[in-house]
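The chains carry the letters A, B and C, assigned in the order they are written, with residues numbered from 1 in each.
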Amino acid sequence: MRFIVNTKGRNDIIDITPQVAQIIENSNIQEGVALVFVPGSTVAITAIEYENGVIKDLKKILEKIAPENDNYEHHKRWGDHNGAAHIKSALLGADFMVPIEKGQLALGRWQQIVLIDFDERPRQREVIVKILSEQNKKS
Amino acid sequence: MRFIVNTKGRNDIIDITPQVAQIIENSNIQEGVALVFVPGSTVAITAIEYENGVIKDLKKILEKIAPENDNYEHHKRWGDHNGAAHIKSALLGADFMVPIEKGQLALGRWQQIVLIDFDERPRQREVIVKILSEQNKKS
Amino acid sequence: MRFIVNTKGRNDIIDITPQVAQIIENSNIQEGVALVFVPGSTVAITAIEYENGVIKDLKKILEKIAPENDNYEHHKRWGDHNGAAHIKSALLGADFMVPIEKGQLALGRWQQIVLIDFDERPRQREVIVKILSEQNKKS
């Protein structure tokens, strides 16, 4: 399954838990795992408490790790300006796995699945959800 | 399957390889993948050589990335003090996937699965292990 | 399935997408997920645009996060010099999940799967690929 997320870019952090939960519900799976994945090299998937303060804090620390306005080698190569975006995507990862128990996402109470778009401009992203069923192999 | 881990918080790093290995053994799975996941937004799962020196080094570098005593926006919002914990959890991730080969975890010799609790106080954490079977689709 | 990668160590970043794609093709799987995993505690798997400039930028930022020549506690313990390698491996992770759609890796256009060897010397690494099939559970 795929769904679309429109982002503003520049470290835009978007809660995609409702869309993932809906896909799980529609699948009728009871026990298993969902892969949440975003194709793209300037974007990531992770989990965080989706609270305004934490969101600002995360952006600030990501900016400290890989500042947007540094002189990246990547900029010289292509003339674009999203070098920091590539770094942050590689550090956080485009993949996130979440368990499904009794037909529900087994997340913590304050743990939301988020897409972070590091690109320097608004983007339309497609998120892929793959559902894997757990089999009881115990004899 | 779930198992419980009691932590001291404050970057406590705990080797959970034995518990995961036991669950794999009990499952009788031969070839597949295990998802090791911790519900919670101030905790993470990763792998590292579980050696005292490395453990100290990792804590030091995580403290450099997101110092516990910075002024986080999250603190203003809720009056709590675990802003750094949320950041570190989002950076490291609550999910870890490990292959199973011939009924065993296919880890490196010095590679242990660890839970890191970033919260500012002792916590009781539940770790979820989901087991997925590899199927030979080759015709 | 396993395949071998020879590295130069010292943050050597190697595009392993062709090998993973070949294994997917050989498996005849149509819809599912592949786990790409490297056993080892001084090595990682992630995705990045495999472009010379970005590769240099990533190495520079990883060196900023965990400089190779710092005084790591790990060095005192064993007399070796790869403390930074262990840290970077734990931060980036040895596991990467990628969806398979219509028999193909569902990566972004500029998104390649890479192995990064942080060790201080050339290494021969074995990469494990596990293939999981998605089942349509919808009734």
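Throughout what follows, contacts are C-beta pairs under 8 Å (C-beta built on N, C-alpha and C of every residue); 3 or more make two chains touch, one makes a residue touch a chain.
Note that the structure is a prediction, hence the values are computed from the model and not measured.
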Classification of the chain A:chain B interface as same or different, half of numbers criterion: different
Cα-superposition angle relating the copies chain C and chain B, to nearest 5°: 120
Separation of mean Cα positions, chain B and chain A [Å, integer]: 18
For chain A, residues contacting two or more additional chains: 65, 91, 93, 97, 132-133
Chain C partner contacts - residues on chain B that touch it in the complex: 31-33, 46-49, 51-54, 56-58, 61, 64-65, 91-93, 96-101, 106-111, 132-135, 137-139
Touching residues on chain B, where the partner in the complex is chain A: 26-29, 35, 37-41, 65-66, 72-78, 83, 86-87, 89-91, 93-95, 97, 128, 130-133
